[in-house]
Structure formats: C-alpha cells, structure tokens
C-alpha cells in the first residue's frame, strides 16, 4: 500500500474542468469504453462544480462483529492511516460495495481530508452526519447519507488497491472527473487522447446547440452530414481555431 | 410509425391543470385502475408545475455493441427522426426499461423538442447533461441524471408503439398528467369521465380540508357520513356550484 | 390496540434534541445494537430540524382488491381511527413494507395528525400529494412521494403492534429521533443509558473536531491515545464540565 | 392471539385437490383479484403434490440484538408457543418479510408441526437444515434454504394476525392451495364461489387441451367462439355432466 | 407484423448443436459483443439438450385493468394469433420485462406451439402450470413458474418487433442457441463468422482439457504460448483436421 | 500475495464434517457473530456432502474493456497464476461481487483446481459450462450458471487478500464449511472454541429431535428447562459421553 500517486499535469486538469462528464463519456464510448460512470455518484450538494483528480482508492469489505468495532479505528490498517497517506489534489474513491445503510465517513474524517488538500471524495456508499460533512467544504459524490457508523456494516481493509466503485473498475492513478451528472473514470493510459478529443467534442456540441437554437432540425445536423460538417469547419476557421 | 397523435381538447387540458395527480389516481382507482402512476417519474426541477398532454411514445431495447453506436444516430429509425415526428403539445413518454446508467437525452435533443413545442418528457430512465437539459426549459420527469450517452446502454427502436414506462402500459394518445407527485396516465377512452369526477373530487377534498383545519375529526368526515354529506351539499349550494 | 403510549420525559427530549443521529448510532453500536437506523427515512423537506418522540406504530399489509377499497376508509380498523388514538407528541412509525408506489397519507390525514399534536411521521413508504403534506407543517421522514392512494397497494390492519420499518424492529414506546441523516430507534429500555453517553460523545467529538481544525492528524487523536485523552480531560475541567 | 381457526369442509378440500393453482388464479382474476399468488413460494421438494388448508399466520419483524437472542426462544410469545396453538390440518403462513438469509424453522420445529398434524408450511422466507426439514415429511413452500437461525435476522412477534406473505395479504382462515406452481390464496368469503367455477374451468381446459392435441388452432377455440362453445356443451352432455 | 422469418441453414444448425453456449459467448466477446446471454434463461427441465433456431419475438407491456382481461385473449392482436404466425423451427423469444409473478403461457398455448413445430421458447419471465407445460414436450428456458395468468401482470402487444429479453436486444431472425447454461443470441449478420470460429474454439478447448487431465499447469497452456500452440497444431495435423 | 495458507488440523476437519452448517451458525450467533453465511452459496449439485477447508481468496472487480480481455488471461496477475498458488485442501472463496451474468470459471480452470487437490470452490457469482464443471468433480457452491466468460463482466485483480463474498468478510485462513444449506465462515481465531461447542450442540439437538419424535411438545424442551436439562444429562451419562 505504498504506491505513490502520480501528480496530475496542470494543463490537463485545466482542460478537463471545461468538459462535461457527458462529453467525456461520449468520447470514451468512441474508444470502446462503455462502463466508466460510477453508478450512484450524486453530488452531496448541488453546485459543487467540476472536480478533477487522480484516484486514491479505499476498500471496504462487509462488517464482521469480531473485526468491525470502534476499537478497530486505531488499527494500523485504518481509514485514519489511509487519510494520512493521501496526497494533495487526489480524488478519493471509496469502494463501499454499494452499502447505503452505514456512512463511511463523517465530519471528523472529512475535515481531516479537506485539511490535507484532498480534492474530493466519491463513493458508491453514503456518508454520515451530512450537515457536518457539508460544513467541512470537502466536495463529495455519493448515494446519500445515513446515520450509522461504517463499522455497523463495513470493515476497512486496504488503500491504493484496484477497486470496484459503482460498478466501475478503478485503479490507483486513474483520473476521476465529477460534476452534477456524477463521476466518470478516465483510465490513466488514455488521459492524453481523451483530453484532446473532448475539447473538440465540446466545441462541436456548442456549435450544434447554436444551430438548434436557431431552429435547425437534427437530422443531418447531429451527427453532421457533409454540408453541416463544412459549415462547422468554416465556423471554426472564423473563430480562429487551429485544426 | 405513422399514427398521427390526436389533439387535446383545450377545455380538458384546462380542467386537468387544476387537478392534482393524487386526485386523479383516486378517481382512476374507483374505476378499477390501480396501476397508472409511472414509477420513478420525479420532476427534474421542483416547481415545474403541472403539465397535460397526449402521449407520444418512444421505445428503447438494451444496447448491442454492433447496433448501439454513435453512427446509429443517423439511422432513419433514430431518436432524431422521432423528434421531427412529434406534434406540438404532446407529452413524450420514453420506455427506457428503467435504465439509470445511460441518459436517454441531453441538451441538444431536449432543445430541439422544446423548439418543436413538445409539452414535456417523462421516462423511467434518466437524462444526461442535467444542467444543459434544465437550460432548454423542457419540463422533464425522470429517475435522475447520468453522464453516459444512451448508446452506452440502450438502442432506440421505434416510436408511437405501445410501451411500458415505470411499470405502466402507455398507448399512443393516452393522456399524461404530471406534477410534483410524478406522472399519471389516463387511458384515452376514459378521459371525459375522469375529468368530470376529478373536478368534483378536488372540490370535496378542499371542503374536507377546511373542516380539518377547523378541528373536526376524520371519522364520519372522510369519507363522509350522511350528516357531513349534507353539510357538503349545502356548502356547494351556497357556493353556487351546479350539481 | 389499546396500549396507552408512555409520555416522554421533558429532560430526555431536550437532551436528545442536542445529539445527532450519527452520534446516537455510534453509542448504540457500542451497546451491541447495529440495526437501529430506519432505511429510506429521508426528510421530506430539508431543514426540518431534529424531532424526538415515542413510537406510535401503524401496520399495513399488501392490497387485496376485495379489501383495499375506498369504502374501507370508514372501517373501524382504519387509518382514521388510528389517528384519533394518537397522543400528542408521539412519533408515528408506519410500516409500509417499503412500498414506494402508493402514498400512505396525503394532506387531509397529515393535517389531522398535525392538529392532534403528533410530533412527526416516519415511514419506509411514501406520502402522496407532497405539496399538500408540506403545507400541513407535519415533519415527515419517508422515501419520497407517489400520487396513488394507499389502497392502490396497501391495506391498513392495525396500530400499536410491533412492526418492521426500514428493516428495523419498532415496538410501541420505543424512542425515535430523526434529523437530516434520517430516523434512529432507541429501545425503550435503553433510553436513559443512551442519553447519558450521547451527550458525552457529542462533547468529545466537538473537541476532536476543534483539534482537526487546528491541523492535528487523526492517528492517536480519534480514537484518542493516552496523551490526547489527558488533553481532553484537561479541556473538560477548564470548561467546568463535571465528570 | 386466540382466534380459533375454522375447520375446512372436507368436500371443498377434496374438490380443490383436483384443481391446479393455475386454474384457481384464472378464476380469481375473473372475480377481480389479481394479487393472490404468494411470490417466492416454491416447493422445497418437487412432487409434494397439492395441499389445501386454512391459513394459520405467523409474523416476524426484523432482528434486534436486544430481542432476537437464543434466550427469546423460551418467551411466551415464541414460535414454540405458536406451534402448540396450531390446529390439525391448518396451512401455516409465515410472513418473514422476504428474508432469505435466516431460516425461520429447522428440523426440530418442523418435526413438531408435522407431529401436530399441520398440513403444510408456506413462507416468503427460507427454512434451515434443509435435509432435516425434508426428513420430517412436512410439505414446505419457501424461497429455499439458509443455514443461519431465525434470530440472526428475524424476531417473532405474533400469530393469527393479518400478514403479508410474498406480497399477498393473508388473514387467518383464508384458504391456501399449493402445488408445484406455488401457493395461492382464496379469501375466506369467496371459497364456495371459487370452488364451483374452478371445477368447471378445469373441465373446460381439459376439453380444449384435447382439441389442441387433435391439431385444432387456438383462435376461436381458446377462448371459445359460439361454435366451439356448442361443441363443448355437447361433449359435456355426452359425458353426463350436469350443467 | 408480417416479416417472414428466414429459414435456418441445416449445416449451420448442425454445427451449432455441437458448440456450447459457453464457447459461443467467448467467440462473440472476441468480436466485441459482451451482452448476448439472456439473463434468467434457465432450462425448465435439465437435460433438454441444445436447441438452435431463428428468433420469433413476442412483446408484452405491463397489465392495465381496462386492457389485460380474459376477454383480450380473443383480440386480433393476441398471443393466439401470434402463435399461428410462428414458422416451424423458430425459437420464440418473449419479452416479459422480467416479470416473475405472472406466467406468460400454460399448457394449452405451449401444446399448440409444439404442435406447430416451434423449436423452443425462451423468456425473461415465467410460465404457468409447469407440469402441464413439461407435458407438452416444448423445450422452455425461463425464470421459473408462477400460477397466475399473464393478464394478471402483462398485456400482449406485438410480435416480430425488436425486443429486449433478459437484458439483451433481440431482433427477428437473430439466431438463438440454448443449452443447460442458458440462451445466447448470435446477431443474424454474424452467424457465419461465429460458426466457423466456434468449431475451432471447441476443438482447441477439448485439446487443452486433455492436457489438463494429463497434469499440465495452465500458465502457458491456456492461453497457449508458442510451444503449446505448436503442439496443438501438430495434434490437429495428426487428427487430419484441415486448417 | 505470498501469504502461505495455514494447514488444517485433521481432527478439526473430521469433527466439522459431522456438524451441519445450521448448527455452526447457531454456535457462532451465541458468540455474537450474526453474519457468517455466504449469501447465494448453493451447491451446484445436490448431494455434494460437507466440505471443510481453509479459505484461499480470489478477488474480482468490474470489467473494463481496456483490461478484461481474453489477452489478460496470460497476465502474471491472472486466475491461472492464482490457481498454481493454491495449496491442496484449501477452500477457494471467490469474490465476484454477486455478478450472475458472467461465469468466473469453466471446465478447464475447475479441472486444474481439482487436479491440484483444491477441496472446493465457493463464490457469490456463477460458473460457466455447468456440465463441464460438474464433470471435473470439483465441489462448487455458487449462485448458478451463466454462459459468458468472466471477462464479459469481471476483471481478476488479486488473490489472498481480504474479500467480501455473499455479504460476508473472508480473510485468508478463515475456515469454510459448506453443505446443502450453503457455506459458512468460521473466523480463524474462533475455530477451536466453535468446534467444541458445535459437537455438543449437535448431540443436544439430536436428543431433542428424539423427544419430538416421541411426541413431546417444544415449550420447556427447546430450549430446555431444568427438568429436561437433567433428562439430557442423564441420557448423556448413559451414552458414556464425558462432560
């Protein structure tokens, strides 16, 4: 559990903050990846904006009465120790096996993550003490809130291992982008290619939206036939966009 | 797929805009229809008001990698072609088989529907680019939002066929009424009878609510015994309501 | 169905209004109770605050066409009769078997409950006429709203019997505490012990939160090692808290 | 919990042992009852035959660590006490809330039920020690088997109350008929009418099956048009069946 | 609904009867199709063998009390009419939306299908009168049995349209192969390519199985490295298999 | 992934082969462990008997098109490599996240496991090529069969890590006992205590069963009051059982 997370290039982060997760999933689908949206990842507060970061993974298994006790919180393999290993700017991805009746973290742990500069948290589970968590300012994507502590249903076992979260395979250092539509994974090896295409896709969809606002019908426009492709390219040139 | 949707009488639409979906389901139950509420149909934005329209149905089946591709978007049997067939004022009902991890429509398609005068959209699935969809002004009832495109999980196959949506059978031209409680179906053949009873039911429940506010207990009042029925009739006469 | 609900000591109610449900579940877990959070109990309106009351239970079974009719609403075993048996200050707990497509109560019944001084309602089902229910001012925790009446899916059979609600066993007179994290049960026999420990737990967590805000790491702090325990005890003495 | 179960007329029992549950649900549907099949009620052993009996109901709520203990087995409100209240020939209906990870009964309790002359057991839960239960000879309809004891997930609270079982409302004294297709409820008040029609329906379907075997197509035959109705009536007369 | 089903080449049928559905899904995955296994398609009777046929599709939507009545069984759009349109040798695929509490067909309809030479039936729903259906000899893959008639939960609306069945998109004329592992779809356009590769894949796996039985470890064998590939090719030559 | 599995004492294995999983869960519950039965663990073939072994864990995460390919089968972190690390007599526990539409293993991998002396396999997923797997003789507990290969839904990531299987936390070296009721976990640290109590519990239940067969009622017998406890102790002495 000593894999050092890779830093994220600032230009990539900047570019991705301008791309919706809807566009990212479209680009990833064109590359053959259909299963990249973390099911159940809803923003805890609407208007959290878009957050980009490399995945730092946490893993839970089901609770066992002889293991998942308040005493376990001081074990060397604890969420506390994991938090101290998180680098600034990382996007914490917690595999809670979709559990919705035990909150993985409350205000204290989220406050410490925020303090360490963690960018955001996404889980297929829930958090607890929702008001307290919102108070820490840490952006969270999750299935909601539940009062019970994690040990009521979960046992923490590891960090920085491959995990499943919301039905998606997440490896340490994969990229996570989250906005009001939820959280999307970009495999580490595909980041550069995805960024380039996503920016172009956003530009194209913006142009199409303008045509729809102007009253144009969709057949032939979306996707574009030859005539509309030419119109788009002309518009791009007029905007001074390098091809 | 050429069935022309039937127009909706303006008086019926006007009357139904004054009846809650809760009241409609009560009236329909009295006629023996228990299964008329489209499960999972929540307003995308609270305060969308109440919308009434004839159903224009869309049908999806599961995705298949050899069929559900971005290229399919220009097929003659595409959501784009279906949208161009929608008449003004219709209520689009999309059978997405309850799929919650692929958004059936995003901002561009919703913008075109809004532009064509579609009254609203209801689906047992989800939409994508939630912020963009809200920006189009099209009222939507759905299970929420998800980033992935429809082709990540769905293949569009037909419009204006009978469909299931949220566990309810919907035929073209059935009436849909939706408000903050969700979307309710009125079978085309029952519209006139339902409208008449619903207006009376709303009036009665309003009177009961006034009695409850005045401190009256429910037994004998709701439902009403002979004494309370008489009181209600007297009140109606005083209000000048024709029987 | 004549068990008189026990009144709730005012000091206990006052103390519990200052304790989060997250803290209560932690304290109950330490006593061996892992299953006390009513799954699916979300506040109908955020900002309802925290409500405390003794459970008054209601029980539904599935609908049967020969039983669950509008006519049944005037049966002696009806929700109307149950409401008239509710004491002021009780917390109504309705076992709807998790049904989400038939609303157990609408505006009229909730108005009458509010009028009778019922503290709040929690159900693992849903309510109907959401806008009307909110208008009554009765605080509600539930899974959401649905238009259809209860008889579309449910038959009311009894009150003040043991029930299951959201996967939790609830007996008449157990205590319910609900806030934005949902509703939690405290078994009647454990109330005094839980109150005492919960107040201390809240104090401790408040102190820890202060240390986290000051930049302290979690290992050794939460849970506390000897050094931090001593620091906390010193802080308590400085605050004038009797041990 | 002292309602004495009503005995079952021997002629009715005899007649119903010759009618499939498939036919019974058809007859009940014609009377407006669509929800009478206990979901998840599969025979524990195929070839158990058809069993008919009056419902004797049992009710469980979720487990609570302070209640659902091995010690609770000697409480006056225990499954043991309930078993001693069961009359010979009854059909035990246990509402286990669909729980599939805790077996409501094992070999010892089933052996005692068999010894007392209980006709059969149906539950929407599971049994435990499947081999032992089969050894007792008690016919069981359930969702399967699970090793854990009932107290791992359930608390027994009452007998002879109205219950839900497999999504169906069951009242004491309703009739239960079970065969390889599962268990079906006949409301007590409808038993006589259902028996009469069911016998005729079985006869009719037997005649139709003979025609299908002879190569006749279904349109006009099933359901029958005038010509085929006449042919059936002629066949009945030839068989000497009184109308 | 007049699309004539395409006949199935006898050589293809013969070849596919020698290929397991496990092998077919492996071959289809290599072509990029991951979603071809009809979830919930279990053989009604083990030992039904392997059946191959072109899909003849049926489509149901949810029941509606004003539509799904016994009277509807004589409508021109009925399952009876659909059955008369089925060609010999077809594999009927019924989209029942996964409904498990209403049987789509019983003994009479299955007997007529068998009589017409239908090869088999697969549905994501259930059948009724299980004993009767088994008696007709029609091979069935389904989720199990339930007593209630289809109209208790379903309304039949069309045949030979694209459907979803068990989460898989099925178009008329797609090929279905079913054995003890369930039912698999081969898109019509891919049949020739899949058959060729499947036969080779079966041969290869048979050879590997022989090596495992002889004690060889899997790494390097499955999948094969250069050495084992050479050994396999030598074996094939020795068997006289043309490449 | 180099933890060497601990051998299992032959006396313990022998003793546990005489104890039902139903009894084991009763004994574990008395020690406070309620969640030890692996949900969904059904014997692939009835009559597999009872198998005891130390857990050797496997872990899958969801499939990702860029990872879960046939090519991945020759990766160093592959199921093939894991199988070569399995010690004779181990009980393989595969965490498939409950996936039922992709079989984790088919005939070839099961044959190799059997050849290596693996005692049995349990998974919360399914296997594929069910007939082939049965042919290998490896006892399997699972949710059933499905044709598609694991890579259609799963990516293998590790062995001998803590896992969740059927909602139960399993650590390497924990003990697994499986019979017709399914598979149960005994935490490694509790094995000795559980064995001793289980043998006594089996003896006691056998004695009770004899009394029930002799016609004794359950109250006072199960659990036993003082009189019956004395009768049991006398019987034990008569049998020559050391206390």
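Here the chain labels run A, B, C, D, E and F in written order, and each chain numbers its own residues starting at 1.
Note that in this section a residue touches a chain if its C-beta (ideal position, glycine included) is under 8 Å from a C-beta of that chain, and two chains touch if they have at least 3 such contacts.
Everything numeric here is computed off the predicted structure, so don't read it as measured data.
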item: Contacts common to subunit C and subunit E (chain labels); value: B, D
item: Chain located farthest away, centre of subunit E as origin (C-alpha); value: C
item: Subunit B against subunit A, contact positions shared by both copies (same if over half, else different); value: different
item: Selected interface, C-D versus D-F, where C-beta contact pairs are more numerous; value: D-F
item: Distance from subunit F to subunit A - Cα centre to Cα centre, in angstrom; value: 36
item: Inter-centroid spacing, subunit D versus subunit B (mean Cα positions, whole Å); value: 39
item: Intercentroid distance (Cα basis), subunit F paired with subunit E, Å; value: 33
item: Numbers and ranges of subunit E residues touching at least 2 other chains; value: 32, 34-36, 63, 167
item: Touching pairs - complete list by chain label; value: A-B, A-C, A-F, B-C, B-E, C-D, D-E, D-F, E-F
item: In the complex, subunit A residues that touch subunit F; value: 32-36, 61-68, 97, 155, 157-158, 161-164, 167-170, 187, 189-190
item: Of subunit E, residues touching subunit D in the complex; value: 63, 70-71, 73-74, 78, 80-81, 83-84, 100-101, 103, 106-109, 111-112, 115, 128-132, 144-149, 151-153
item: Complex contacts: residues of subunit C adjacent to subunit A; value: 20-22, 24-26, 29-30, 34-37, 39, 42, 167, 180-182, 184, 205, 208-209, 212-213, 215, 217-219, 222-223, 225
